[in-house]
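The structure under discussion appears below in the form of structure tokens.
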Amino acid sequence: MAVEKKLAGYLCTGCGIGERLDTSQLVNIATREGKFPSVKQHAMLCSPEGVKLIQDDIDAGEATHLMIAGCSRRSKVEAFSFRNVAISRANLREGVIWARPDTPENTETTQEMADDYIRMACAEVKFMTVPTPSGEQELNKNILVVGGGVTGMTAALETAAAGYPVHLVCDEDVLGGVWKDLYKRVPFRAAASDVPNGRDVDLPGPEDPGIADMIERVLANERITVHLNAKLSKTSGAPGRFSADIDRSSGPTVTENFGAIVQASDFKPYDANRLPEFGYGKTPDVLTNFELERLAKAANGGPLKRPSDGKVVESVAFIQCAGQRSDKEGHLPYCSGFCCTESIKQAMYFREQNPDCDTTILFDDLRTPGAAGEDFYRCGQQAMVTFTKGQASAVVQNGKGLKVQFKDLILNEDTEMDCDLVVLATGQVPNNGPDPYAQLAVDEAESEEEKEAARQKLAVAPPSILNLDYRQGTDLPQLKHGFLDSHFICFPYETRRTGIYAAGPVRRPMDMKQAMEDAVGAAMKAIQAAESAAQGAAVHPRVGDLSYPSFRKEGCTQCKRCTVECPFGAINEDEQRYPVFNESRCRRCGTCMGACPVRVISFENYSIDSVNQQIKAVDIPDEFSEKPRILCLACENDAYPALDMAAQAGIETTPFVRVVPVRCLGSVSLSWITDSLNSGYDGIVLMGCRRDEDYQCHFVRGSAIAAERLSKVGDTLTQLNLEPERVVVHEVAITDLARAPRLLNEMAEMIGKIGMSPFKF
Amino acid sequence: MGDLNTAMIEKYRNRFLKEVEANVEEGEWVKMCMQCGVCSGSCPLGKFWEHPPQEIFMMIRAGKRDEVLSSESVWMCTSCYNCIVRCPRELPITHIMHGLAHYAKRLGLVPKNQPTAKFAQMFWDNLMVKGRVNELKLGLNLYFMNGIGDGVKVALKNQKIGLGMLKSKRMNPLEAVGGHAVKDLKGFHAVLKKAQELEDKRLADHGA
Amino acid sequence: MTAVVATNETILVVGGGISGMTAALEAAETGKRVVLVEKRPYLGGRVTQLYKYFPKLCFPTCGLEINQRRAKMNPNLTILTLAEVTGLTGSEGDYTATVKLSPRYVNERCTACGDCGTAVEAEFDDDYNYGLGKRKGAYLPYRMAHPARYVLDPAIIGTPDADKAKAACKYDAIDLEMREETVEFRCGAVIWATGWKPYDAAKIQPYGYDRIANVITSVEFERLADPNGPTGGKLVRPSDGREAKKVAFIQCAGSRDRNHLLHCSRICCMASLKQATYVADAFADDAEINIYYIDLRAIDRFEDFYNKVRANQNIKFIKSKPASIVADKDGNPIVHGVDTEGYNRFAEPHDLVVLAIGMEPAVDKDAFPVSIVINREGFIEASPENGGVFAAGCASDALDVNRSAQHATGAALRAIQVVNRVARAEV
Amino acid sequence: MAKRQYSFYPGCSSQKGASSSNYLISVQTMCEELEVQLNEIPDWNCCAASIGYAGGGELPRLTLSARNLALSEQHNPGQDVVATCAACWLSTREAQERLHEDQSLLAEANTALAEAGLKLTKEMPIKHMAEVLIEDIGYAELGAKVKRPLAGIKIAGYVGCQTNRPFGIAGESFENPKYLDQLVETLGGDSIPDYEKKVQCCGGALAFSEPEKSQEMVKGIIEAAYDHGADLIVTPCPVCQMNVEVYQDQINQTYGTQFKMPVVYYSTLMAVAYGRSAKDAALNGQVIPAKKLEAIAGK
């Protein structure tokens, strides 16, 4: 919208700003240098009176671009969030007066700091426009759920219950998935409040799995369309406008549009053939926990018989962690989390129908967490299930029966036990498609060897589940051991493909109850993503952000850096290999902007210019002034708050630094670095989030990508005959209150040693 | 009672936990142990045990029948109740230990010359005579429980104690003859005889 | 007088910890009106008192910064602090909530400049630091507190300190006339996210928490480790300020115990693994760490972290529930017990003992405002009988932060289902 | 103030000429002063303590206590049962609990009791004398009776096991009971609240069968008392009193110590503090004389 820019400045003199700074000089700078027609001062700008002052100007059409000087952009957000105007905030409180000691000898440098922040804020806001939604989406309430198991069915039912239509795609001919063979399930509840804490009586025991009933409810629900024997052959688009081709063995492929997607493809049972030491495959009397469930279902409460000869089982051994919690080749390194309670339940099957049956569970750590879990452990003990802390080494044939060799860890002896049947508590293998970056590795490989290695990896990769028509691969990126994101403790549903949420054992191993709870959360996020897309608003972490990236086509060299580096695979390429941004897939981190070598990508309110102008606005004293200038580009999520709180804690920061918050270090354009060096900055400190495998970057790869780019900046410096140590990148956490300022102070000291930049005018 | 022992072996085969469950006082608690070891660490005589309670419970589950029943350990309990009040599963460990000891004795599996086993038996026999404990006789028996020779040594060793008790009128030589008793001795014996019969019957029912 | 605009399409969230915040934000960001009621003067609950999260060893304030920004920017969300739900009547789709608001004595004009804090003299035990430190009578609960407004301790009201505070404030933000008030408003669904409290360690008599200065709880240890905590992040022992290099962690302190809490509190194993790294990081090879456990419950993907910690030679794992702790003459707690793997007795002196304290649900099961299914341990069970009331996080079971946020996200949908039904009924 | 009445179970060791006869004497003195009337259960029998288990099976052992309770029910109806001996108290109270928890056991016990025309029906509170003092009477009243405060006497309160676990005194902890210390203070003496051996086991009945093991523990109990500068040890339990007092010579021989630590009953302390004679306080019953108490009693 091409409304005329009306610049308006507001200076708060409260919280000591008035006392510590020469405010009339600040006003002069804004008006003379910043060309702001007016700068209004107020003793308490965040007060209702102050806010009204600003709002009145806006309402009067006197202000479309606001420069608010006072406290940090993190403070008084509620007061200063005015609608439909562009706002920049000069951080004079946390950024200047709180960060500097109140002593005469510091007055001058402190004032200079404030002057510059005014200049920067004035410059920034001029290059901002008010973001408006692209109008690309309309509300599409359809939700696609992939996976017909308990997780998928739960996601479908819960989504429908909220009034949203669902398409449920199930690759089998019946619903129920991997848990449909359950005879009974582990109780969902702990003992009721009226159960006395006595001799462990009346504890909840194994209960009906409720899956048949769930299938009925799904089939009967008019908001749910079920596609059996179906697969996704192509999924394209973005939140609010996903398009999925659903291949069905019965009938033609149907194409449906969706607002968002839930992937609930559950898990595959671990292949016990990898456990010859336990005699699996050698005798039918060694079963997995999954196979035993079928046996029990078939017996349906009757005596459980030994597969080999039909003898009623009088003794059974359960081997926990079979092929799990082990670094052996072909074993699962993790704990599948559900097997302890599962084995207790199955041992109780035997006890229930034959009180004389010896049931022994060989475990290392018995993992039955929570209230229901611990109750169920005692329930199993009450049923006289024997728990032995032991490590099984082998299962061998012994006449008609079996012999389990194990080390009893309590009695500290190698021993053995005879039994009719052995059950291996095997684990869950997540049922996911190929890791997109395995695929990308092939395309991106620089050497032939690399390419080959990548091909090998891809060759063993499972078939795709989503078949995403994305530049960055067909499926959701994987985190570890084949499980999907999220890697964030606080944000469990974060995935790196916007609007596609993972639920259940595809995220981490879990039991049925957890999978069902997880499905509800994923459904919540899917609904939210569809609603946000309709507003043209970003989802986590920049929730509600209406800005989105656009590019100057004429300037674009089709280099593909943006499409390759986008941490969320949001950007596709059109037939001429120009980027297609799919803004509802975009998380607004700006990594594409930082990637672009020709600076053609920008957001309405965050661009190469909006930052570059701040950098240029800073007054650079001459070489002999002994007043170096340090530019700090700080991640707004962690480093910037850390600096704010350091100031709040009274920790001193060098007066020579000028801090510019960035959405993510990934958005940092190398041009900012070179331009600032050319314009005479003496040092540059970049502060981003942790980027290793335990990354803290809220945009997943942004910080890592930035570090990669900047690893090459050293060459640029040497070309300019500048010392490489003038530019440094640090990982800074939000808790680094003492460290963050120290890093800036150290840069100042270092400049003191190596001298000022020669590039001053 | 060796035959009872064989009967029990017959009946329960290697299912020692079940045998304990059915025949040992409070034995039904053994299965609830989660092997945390708090009892073993709490026992004042712990360091003298070959097998502390929690280990005994594991041995029971592991079917180590003879090792448990013929173990000195089950006779190490001082009844201090530390284990009971600390057990996170509230197992009556003191009573289970007593129960195991008693059961071992019934099956005739007590190790030779187990002093506590002997003393505990003496104590019972002593009180059974007159319904009240005759400390003097009990003491004397105790001294001589390992034969005259031993007994004299112990007696001499404890002479000073005896004198001290005598002087403080806390030991009465006359107890050797007569001594305290319940008046209705006949009734007392009848009651206890009956109780023993019922007890034997209960065990026989399990043993059969 | 506080007025709360709400209808039977509004969602009430009780408790502003990580679960309540998550539920409230997810619902609000889906376009629902939400009222969030928090007992403390600030949001974030117990996670604000944690130094790091397991297994990533990342910092709670990091996610909190984002959640607070979400909260600041969302017009659908009304936050009431120092507020407690005292009554709830009605049924699914049409509840009326009564909320008691305790006076903060500081109004919205507060800029958190800190002048009042400097002005007052009285000091109090800092409950944010579990009493390990002191705070002023006018205080910001902690540096990142949201709302970023000071609080006056009720104890200074009517004392000269209160007037000092008022006089010191340039912004007329201190209102000594504030009184407790009660507000009533409608809501269609309720999310109960009242979280948990640490079990009273003094009740675990054999461990002598009430007698031995150098026996502390895991939540207290978390404050010690925090650079912004009472010791500036130094791991020192309470009795004499000496560095705690040899530290014992005792698992199931109050959990899995019929004398205390029957349930397994789930988080304690992982918390101790995490806290073991605090000691290992602080003292490198001088660190000696013993973890006494019954079952090490590093469930599912946590196994990776368990392995990482186990690889450290200075961290030992002993399968034992220690019998007792006694202090020697120098105040060193000596842990007595038996290593059950092969039966080895020990009497191990330490500089400090940390009790991995159990999680007690904060749900008041005897006085819950509406009829609801609560289990023996005091957690709320999901049930149709609960109508439009849904538990989130540790009100439902002993959960870690990740599972709490996960569970709370689901709870938000359950609440949305109710208010959407209401909305559909009304169109 | 009305007399308090209790159905009294003295137990074997407190009989005339038995190992804790001095306990009974001092208790009687104490009760006179406190106007507590003890009605002895007529014809009571031994409880088998916690060492009868080898010979006596579950039912015979329980029946012993059942007989005492039945007699109490018959002759002292409606009266709380009180015992001075920890073992007597514990066995009797446990027996009652077990019999009423398991009705088949109760039935069998009654079948046995029927042989002597007895029957057990009621459940009565079964108290240790310490409970009577602290819960029924209370420190205030106990203190009010003090005529000769035990000034300047440092006393280690040794609670031991069975008065303390598994039942103990209401409101006290198993690990650190404070009532003996409070009682000492109430009587004007100096207590040792952080006496770390206050609940250490003395070996109980194993003092007879496993003397070495028992005496090693007793040594610790006395040593700690000396470390805290105790003049004497006070205890509520005959077994504790006996084990800790009478083996000191042997311990000295074994370990080369010079122990001569008097070990008295709380009732002895009280009798003295209430101004009664050494004889009434049964100070002559000490194997190791409590000189400081004799001094006060002699005034």
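For the reader, a short list of remarks on this structure follows.
Letters A, B, C and D mark the chains as written, and numbering starts fresh at 1 in each.
FYI, a residue touches a chain if its C-beta (ideal position, glycine included) is under 8 Å from a C-beta of that chain, and two chains touch if they have at least 3 such contacts.
Since we're looking at a predicted model, the values are computed, not measured.
Of all chains displayed, C has the C-alpha centre closest to the centre of the whole protein C-alpha set. The greatest centre-to-centre gap from subunit D, using C-alpha centroids, is found for A. Contact count check for C-D and A-B (C-beta pairs in contact): higher for A-B. Note on chain placement: the centre of subunit A and the centre of subunit D lie 67 Å apart, centres being C-alpha means.
With centres taken as mean Cα positions, subunit D sits 47 Å from subunit C.
Subunit B has its Cα centroid 64 Å from the Cα centroid of subunit A. Distance between subunit A and subunit C, defined via averaged C-alpha coordinates, is recorded as 24 Å. Residues of subunit B found to touch two or more other chains are 34-35, 54-55, 82, 85, 89.
Looking at subunit D, residues 174 sit in touch with two or more other chains. The residues of subunit A that reach two or more other chains are 366, 389, 410, listed in rising order. If you check each pair of chains against the touch rule, the ones that pass are A-B, A-C, B-C, B-D, C-D.
The touching residues of subunit A, counted against subunit B in their complex, run 200, 356, 358, 366, 377-378, 381-382, 384, 386-389, 408, 410-411, 415. Listing the residues of subunit B that touch subunit C in their complex gives 34-42, 46-47, 51-52, 54-55, 82, 85-86, 88-90. By the touch criterion given at the top, residues 173-176, 196 of subunit D touch subunit C in their complex.
Considering their complex, residues 18, 22, 26, 29-31, 53, 56-67, 69-70, 72-74, 109, 111-113, 143-144, 148, 170-171, 227-228, 256, 258, 262-264, 266, 295-304, 307, 319, 340-343, 365, 374-379, 381-382, 397-399, 401-403, 405-407, 409-414, 416-417, 420-421, 424 of subunit C touch subunit A.
Only residues 25, 44-45, 48, 76, 78-82, 84-85, 94, 98-99, 101-102, 105-106, 115-121, 123-125, 127-128, 131-133, 135, 142, 157-158, 160-161, 164-165, 167-172, 174-175, 180, 182-184, 187-188, 190-196, 198-199, 202-203 of subunit B touch subunit D when the two sit together in their complex.
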